[in-house]
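Labels run A, B and C following the written order; every chain starts at residue 1.
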């Protein structure tokens, strides 16, 4: 549809300039200026600019000549996406917290996450194509007619670039969080994993890792490289690299009889990982090195659990009464629990008529038998209070 | 697809018919050989895997530079000599032209990169390296080279002359190589974004160690995709000039 | 075959072409005349779907070039002013590549290349490197790549550019040989070539078509004056007096030639050659040669372009 040259001059490119400036002001206010009144003032000004030109463009599109309606509506759509992205961003920003004292995250965390993920994509779709459409309008500013085909092509081109960027970003992000990898190296020595690193960082008691390998051992060098990644992550971690042949005394201290051993020591707790010294034989073990170290660390750094046993009325005993007594004994249960987590086992006398067994220094859970008449006296509840203070739950 | 292969075949043939292809090929082999001799073999008592990692480290530099040099002629030379009109006046899609030219450059770059394999194989004489590590390193080189080539194709599509194409491509590659430095002056999430964009720092090192991370492969693929997409748009825009 | 309506192209603020309207019928050989910078190449590039116009429509065989350029490019062969040649390829390899990218099926490529080489006289150059060919042969290879896919429309931009006289004659004969098999649109500023090869002319000046029609139509639209060249054995004042006395004669210019011949350029209102010849014979002149003036098209063109520069700017449609 032909448009006369006077109609062609009605395109308002300045609105897109205001639109872009508004976006920029919001960016400056939110990312560059440190928090405060200026930041929010800039944000408000930017938002005002963006929303107002969106409305203006919509009004202009309604009055646009028939031959130019497509281009103007395209711009309205794009401005709409940009405005929506701003609104979405503001919803997930500190604005709600500052104004009404709450945030979307508290009330609808899933919705909040979805909005936080999607507003950048909306912003890209609402911004990039505006530039390409305006460039198309500019190239036709002296034309006798606005070629709608050119406008549509430029819009599609801009949208294509926007979607390509979104797709690429999402793919890279997905690849990043998947953490899927294939270690094809010779030894395939795993690097300390996130779990291992977290355990080391959260140490609150000294832990010593002593490796026993000859200095020229390739396996020892792989292990040293692994340990090197853990070094320095915690002030409580100490790593020693020794040769058993030169330091047998230290080996005896730790219960190590030769090279090819990694000894982990925490207090009186000791664990070992054995590795072959021949590289070919060690390849398989080195691949699992992080798993081995991780499980040992979990074991020796876990807070020991305190489990309270009540003697009750003879439902459980320490040892079987006679040959016909098939009940699980407290000794058996203690032994199983010790195997799982124990560092030591103490038995203290019962102040309130209950027999209490301590396993470890901190309680994980308590086992007790409900009595028909609990002592109401505060002191009678002392044992239970003890359980409650140290333990996480009381299983009745 | 046949159009893509036709164009790729012609351009690949052009690399072998003209001196520039042989010069780039020879230079890459020479520089890689010198660096391998000086830095990988020249230092005492290194583990085999470290020597291999070192080889891939400096090969990455020569591969990137060679890719820029190979890509600068892809479209800019056609514009200079006036032969682009043969393609733009033919019933070819713009994407066929870009993909065909990219494919020719990638094929030549791959041939050039893989011809350096005799150097890491020398490590096998006395050392221990796994074929997986070798594969991983060369995969990284091909991905890095392919991405640089895609960026070079974009530069060639934007520029009118080959020199300008090389400059534009070089600037884009350097920006991607050094953007990780911005993490020191930016906050979350922008620092995460710029770190993720780093062409070498974030994504190539694991290949040199024999580790293939799917995230890194995706990164190089996506950067190549975006660069080629923009090159296609650039060629399309020429018709609207 | 081709309908162009309102074709306009702006480069920034500069209008390269403005509101071009013309038609080209099947089988015609059209000459596109214009000075350098008039807008010929821009028009040809738009017709070849290399460029997109700012406004206007181009319909080729009922297909809109703007919405379906892919289809149009299959039907058009374009030779730009600089042939798009790859110097490192042989003629055969180059034409094979051109055939493939222009959509010729693989099985038919060899025969298409052979046909194109035969039409353009390149069969004996099949294995020669393009970079080693003379300028004339390079132009022929350019024409060959334009017609290798047997297009219905051939667009040749300055096909005789840079050729020596012998090569120009060869190129002219080549173009004449294509007549009837293809519709031809030839752009040139060498008027003699256009005059000898084209059925109809489009004259473009400053982005607008100022005249279109056959050479006779253009000439008659410029007025009825006719130039006649007459070579006499010797100069004769009596002859000159007799001629100048004729009411039909506007002017007589004497131009001495070699071998004692004298050339008279007689301008008359309308074609009065018999009257002029009779007058000369009656005055005792001995006529060695009579011919109508060869610089007609040049004169037409200069008149048209001068008018345009004078601010006329109106297109004249003659058909």
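The working rule: a contact is a pair of C-beta atoms (placed from the backbone, for glycine too) under 8 Å apart; a residue touches a chain by one contact, two chains touch by 3 or more.
Every value quoted in this text rests on a predicted model; they were computed, and no experiment measured them.
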Contact graph of the chains (line, ring, star, complete, other): complete
Dominant interface by pair count is A-B
Relative to subunit A, the most remote chain by C-alpha centroid is chain C
Expressed in whole Å, how far the mean CA point of subunit A lies from that of subunit B is 34
Per the C-alpha centroid definition, the whole-Å distance linking subunit B and subunit C comes out as 48
Rounded to the nearest Å, the gap between Cα centres of subunit A and subunit C is 75
The positions of subunit B in contact with two or more other chains are 240
Where subunit A touches two or more other chains simultaneously, the residues are 139, 150
Residue numbers in subunit C touching two or more further chains are 52
In their shared complex, subunit C is touched by residues of subunit A numbered 139-140, 142-145, 147, 149-150
Interface with subunit C, subunit B side, in the complex: residues 2-3, 6-7, 10, 13-14, 17-18, 81-93, 239-241
In the complex, the residues of subunit C that touch subunit B are 11, 48-52, 70-71, 73-74, 76, 78, 80, 82-86, 88-89, 97-98, 100-103, 106, 145
Contacts from subunit B onto subunit A in the complex sit at residues 47-49, 128-130, 132-133, 135-136, 187, 190, 196, 206, 209-219, 221-223, 225-226, 229-230, 233, 236-237, 240
Residue positions on subunit A within touch of subunit B in the complex are 31, 136, 139, 150, 153-154, 157, 160-161, 164-165, 167-169, 171-188, 218, 221, 279
